[in-house]
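Letters A, B, C, D and E mark the chains in the order given here, with residues in each chain numbered from 1 onward.
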Amino acid sequence: MKGYNPNQWFRILFLIQKSDTLFRLAPLMLIILVYSLGVAWIEIEYLQISEDSWLQYLPAMHSLLSFVISILMVFRTNTAYDRWWEGRKHWGALVNCSRNFALKLSSMLATDDHINRKFFRRSIPVYAFALKEHLQTKVTLFMLDDVGDEEIKPNIDITKHVPNQVAKIMFGRVNKLYEGGKISGDQLYVLNNEITAFTDICGACERIKNTPIPYSYSSFIKKFILVYVMTLPIGLVYTVGYYAAPITTFIFYVLASLELVAEEIEEPFGTDLNDLPMEKLSINIKKHVEELI
Amino acid sequence: MKGYNPNQWFRILFLIQKSDTLFRLAPLMLIILVYSLGVAWIEIEYLQISEDSWLQYLPAMHSLLSFVISILMVFRTNTAYDRWWEGRKHWGALVNCSRNFALKLSSMLATDDHINRKFFRRSIPVYAFALKEHLQTKVTLFMLDDVGDEEIKPNIDITKHVPNQVAKIMFGRVNKLYEGGKISGDQLYVLNNEITAFTDICGACERIKNTPIPYSYSSFIKKFILVYVMTLPIGLVYTVGYYAAPITTFIFYVLASLELVAEEIEEPFGTDLNDLPMEKLSINIKKHVEELI
Amino acid sequence: MKGYNPNQWFRILFLIQKSDTLFRLAPLMLIILVYSLGVAWIEIEYLQISEDSWLQYLPAMHSLLSFVISILMVFRTNTAYDRWWEGRKHWGALVNCSRNFALKLSSMLATDDHINRKFFRRSIPVYAFALKEHLQTKVTLFMLDDVGDEEIKPNIDITKHVPNQVAKIMFGRVNKLYEGGKISGDQLYVLNNEITAFTDICGACERIKNTPIPYSYSSFIKKFILVYVMTLPIGLVYTVGYYAAPITTFIFYVLASLELVAEEIEEPFGTDLNDLPMEKLSINIKKHVEELI
Amino acid sequence: MKGYNPNQWFRILFLIQKSDTLFRLAPLMLIILVYSLGVAWIEIEYLQISEDSWLQYLPAMHSLLSFVISILMVFRTNTAYDRWWEGRKHWGALVNCSRNFALKLSSMLATDDHINRKFFRRSIPVYAFALKEHLQTKVTLFMLDDVGDEEIKPNIDITKHVPNQVAKIMFGRVNKLYEGGKISGDQLYVLNNEITAFTDICGACERIKNTPIPYSYSSFIKKFILVYVMTLPIGLVYTVGYYAAPITTFIFYVLASLELVAEEIEEPFGTDLNDLPMEKLSINIKKHVEELI
Amino acid sequence: MKGYNPNQWFRILFLIQKSDTLFRLAPLMLIILVYSLGVAWIEIEYLQISEDSWLQYLPAMHSLLSFVISILMVFRTNTAYDRWWEGRKHWGALVNCSRNFALKLSSMLATDDHINRKFFRRSIPVYAFALKEHLQTKVTLFMLDDVGDEEIKPNIDITKHVPNQVAKIMFGRVNKLYEGGKISGDQLYVLNNEITAFTDICGACERIKNTPIPYSYSSFIKKFILVYVMTLPIGLVYTVGYYAAPITTFIFYVLASLELVAEEIEEPFGTDLNDLPMEKLSINIKKHVEELI
């Protein structure tokens, strides 16, 4: 039971990584800061509006709306997290079905059937690498360079959907084993779930990648945040003067961070720090499949 | 790692697309604006109610209710999003089962069985197109024009449920292959999930399309928003005078936008900008199936 | 893209249907109104309590509690909606499995096997009608009058669980087909999911119907609403005088509507406007099954 | 369409059942009441603290925290409800698989195979009763008294896991039927889901029963409620005097009720009013199985 | 029906266990306390800022942000709880599939096939123990010491993925039984779900263990809490003087506790008090498997 280290918390405060929302929102926060100072200057120096102007009651509107915007943003981030977690689940399922596929084939294939063992030892991890590159739309045949199997590389047309082709080659081989009597019909059944799972996982990841949240929803959220934040200093200046600027900026930081975190994690197949470690997972699949078959 | 572009945010603010809620709520917002100004004029010029009228405390009621209305609207939008996402999932599943069906049949059918290969190469995408048109209730035989298969087009009665008929034709063919000994019983079983999935997906999409949220729920939400917004200026005028009008209008914009976004996305099978890209998905299915079989 | 019709919103405001919560809560709202006026009269005319009575701070308590009651009620309605939607999903699944069952049998049965075709064409829709009547506890044999099949009607004992008996008759027939060699073992497998689904759906609907939310939970919610609403005017009278009455009544309307909507939709198998269109779904099943087999 | 009966609501207010949270929290509420009165007395009579003591601003802290505590408690209750509903779903699944198992066996077994029919007619309901008693940890052989089957009662060792033994006896019989050729391999497969479901349901119920929410979570919630409630009168006394006591008590009632309801329903397998009607469900299973086989 | 014991609640208040968040946050809370006192001293004694400084309005910002931070933290804890519960579900599934696997094999294997019975009686629980140690990354062969089966221990290479190897050994044996004709193809299929489940569960637990929530999300939450709490006393000092220190500390305690509870329970496979009782579950699996086979 480790005591809870205060250092860890305070280090977090000052540790600003490149992927940090603070770092990425900096230019926008600067604009908001300058804008708020401008609003304060105009109201105080230029207009010199009297103490009892109606403007002092404007924060009441922000109060009424603060519930909506708060709940909206937290739900937004939560929905994005659900997508991220769903993406992770699919890659977890890919790990599982790769292992199960290898483990089952390992028992079913004759111990000395080196050709088929080698085929699957190579093709199963290739699926994972191909899916990773497919999702990052940078498909190359590079990943196949060390496969060295004359049945995989020459049969893949890089201009078409690569994971589909790998799945087709694998199922073709399983079906050939069945028709050649090397595995029985019962064993074919037992392999069916894993065969189907590869393509299901690929389709699910494509769905997450290709479907941003509805345009009118995300556009409304951004509009709402900006109008909310940009009208905020107008009323705040009455009570806190020039200090309205840092307060407005901090409130913008909080709301925009939630939006930014949501945008980053709702599409988890990129190469950012927050994205899924697909490279590492693929290497793990390779390692475990090679241990099993 | 791209820095976060401020332009993008501010462009959002002024970019008013046709599908934008701001654009669509404009007439209603105008009415609310005029109404609020009217309320302000009556209270200030006509009634000239004294400073200590009870009306100044009316916003307290709006405060108490602002929690309910905020949470209610965010949940409303979230529930609608869940339906939208569920619809997307079903179309993703259609992509998956089309691919898996093609991929499995491709291995099972003899390489030179051009008749059956051609049959499935054509009928699988037809299901997707038929489902799309069925959900948009504009079923035509147009989509079948380039099918050119004497087994599909002539067997479809456009006055009946088209996707069901396509599914029936496909399963009929699979069953014929089985009874003719072209695929074994084990292989029939391996194809079962995909066969069943087509009709399950169709039924699930119909469910989402045909089931709006319960009438008394949606009716209550609209009534609540209107009463809330229309009583708001009555009290606000005391503190902010004529400015109660823009404030009321903005609060209405926020609440009604959430309702509007919810209404738009809870039925995702139309042809709006926010609706699912079923046309594109169907074309993808066609492309991938043709690559596979 | 249709512009958003203001009429629709304002019509909603004045359109009070019988199923509307406003209509159904009317007597209760009247009582609350009279009670609030009574409280106001006592405090103002009878007790004539001084300006600085502690009572003026009572709304602070309502403020503190307004979060809990708001979130609680929205969650309550949401949970009820989830049950309603789950019920709808099960009926959607019934549509799907009826179709799949018909579609598969249609291919498996010999084209001239009119007896079995007729049997399933009749028995599958009977299941849907029987389930509907079972859930509305008004089971009659009336629905079987046009079945005209000597194998269904005479075998059903209306005093027992009718859907179970229909399922048993259907599975018995499938099993007889299998034992008689009319469908193979592989085909029996292929039909298994659909056979099982009928009874699973029935059980799930019964579960939703027979399980209200826990008593101590719903009792607490009602007590909380009533105490909250009935203490509200006591404090409000100080600031808004007799107007406390309409305000209290409106707040009661909002909270009680959420409870009422929740109660209505959490048991979706009745005959209310908000209940599932089981009759229509059953007729659809009948129509589609007859198209397919 | 029934009008909404006001009586029902008011009866709820005064109807205090034994299982009511009000009844069960009474002693604790009395303590809080006395404590609050004590705090008020000390502040008013003894300390006679001046009007402008900082204490009058303490409620600001309670305001800031009222969001957290409100949302936290509602989520707490909701999570508990999810567990309760999950438990209910598993018992619903038990109903379903008992029915499907009986219904399938009824068709598969020869009409005159009275021995096996009787065996399953008795053993299937025994599973439900055994699970109920297992979950209430009061397993007796009493429930088997009217089974009268020499194959069930003598084979059960009450000191071991009883539902497991019943499942084992049932699967053993199914396997014997298969090995003896009374059911085919295809039929064995058709029965597999139901066989597996019994044990899955038992395990899921055990999981819900044996896993309370994490200790540090529930301990934090209780601490938070108590500190929140016990510091509340300290500040309230300034504005509402002795009336701080009933207000504090009511706020405690609301928060503690939510915690209490959560505790009651998160473990739904007891014998409380809020617990699942397992006895009734088991009797139903018995009745329906006997109708079917 | 037990009355609700007040003692239990008050004991909770003073019972500070080692795993309690209060205990673990103590050093951090002390720092916040000292910091707040420092802020108060500077403002009151040193700066002696006038009564109408803008600083007195700073709490308004905290008010606006209190919704966001409250909802955010409760969602954070809830998401963590969902992971914890998902982990628990997977271990529950491991219990179920271990039992089902044993129960099915027990019927399938000949009564006198002591070798295979002994093999599975030993290997099934070994999987659970191996998974537990794998998740706690302390894999040793110690757990196998009392297995005494020459087929398990010698075949496990402790430097590779141990649960995978156990699964492979088990499936290898099942496949050998099938190829040797000791179980039929139908029986192989009946065992397939359980075989696959072992590896699926392992993969799912690894996923939960190896995937913390996205870095930019958790970093933002910590930054937000700290800035919120550390600016709080600056404004509070004006209204409550030195008492700002305990208030700030308590608010920090609440927010940080939620974060801390979330961090503890989102990775449920450690050895903390809040972690899953994997040791106990494994022993239970061992006990029940030995009762069954």
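The rule is simple: a residue touches a chain if its C-beta (ideal position, glycine included) is under 8 Å from a C-beta of that chain, and two chains touch if they have at least 3 such contacts.
Everything quoted here is computed from the prediction, not taken from an experiment.
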Between subunit A and its twin subunit B, rotation from the CA superposition, multiple of 5 degrees: 70
Centre-to-centre distance between subunit C and subunit A (centres being mean Cα positions), rounded to whole Å: 37
Interchain centroid distance [CA atoms averaged], subunit B/subunit C, Å: 23
Junction residues of subunit D, two or more chains touched: 19, 63, 67, 71, 185-186, 189, 260
Arrangement of touching chains [line / ring / star / complete / other]: ring
Going from subunit A towards subunit B, every chain in order around the ring: A, B, C, D, E
Residues of subunit A touching subunit E in the complex: 1, 3-4, 6, 9-10, 12-13, 15, 17, 19-22, 59, 62-63, 66-67, 70-71, 73-74, 77-78, 81, 84, 88-89, 92-93, 95-96, 99-100, 103-104, 106-108, 184-187, 189-190, 193-194, 236, 239-241, 243, 247, 250-251, 254-255, 257-258, 260-261, 264-265, 273-274, 288, 291-292
Partner subunit C, residues of subunit B touching it in the complex: 18-19, 24-25, 27-28, 31, 54, 57-58, 60-61, 63-65, 67-68, 71-72, 75, 79, 160-161, 164-165, 167-168, 171-172, 174-176, 178, 185-186, 188-189, 192, 195-196, 199-200, 202-204, 206-207, 211, 213-217, 219-220, 222-224, 226-227, 256, 260, 272
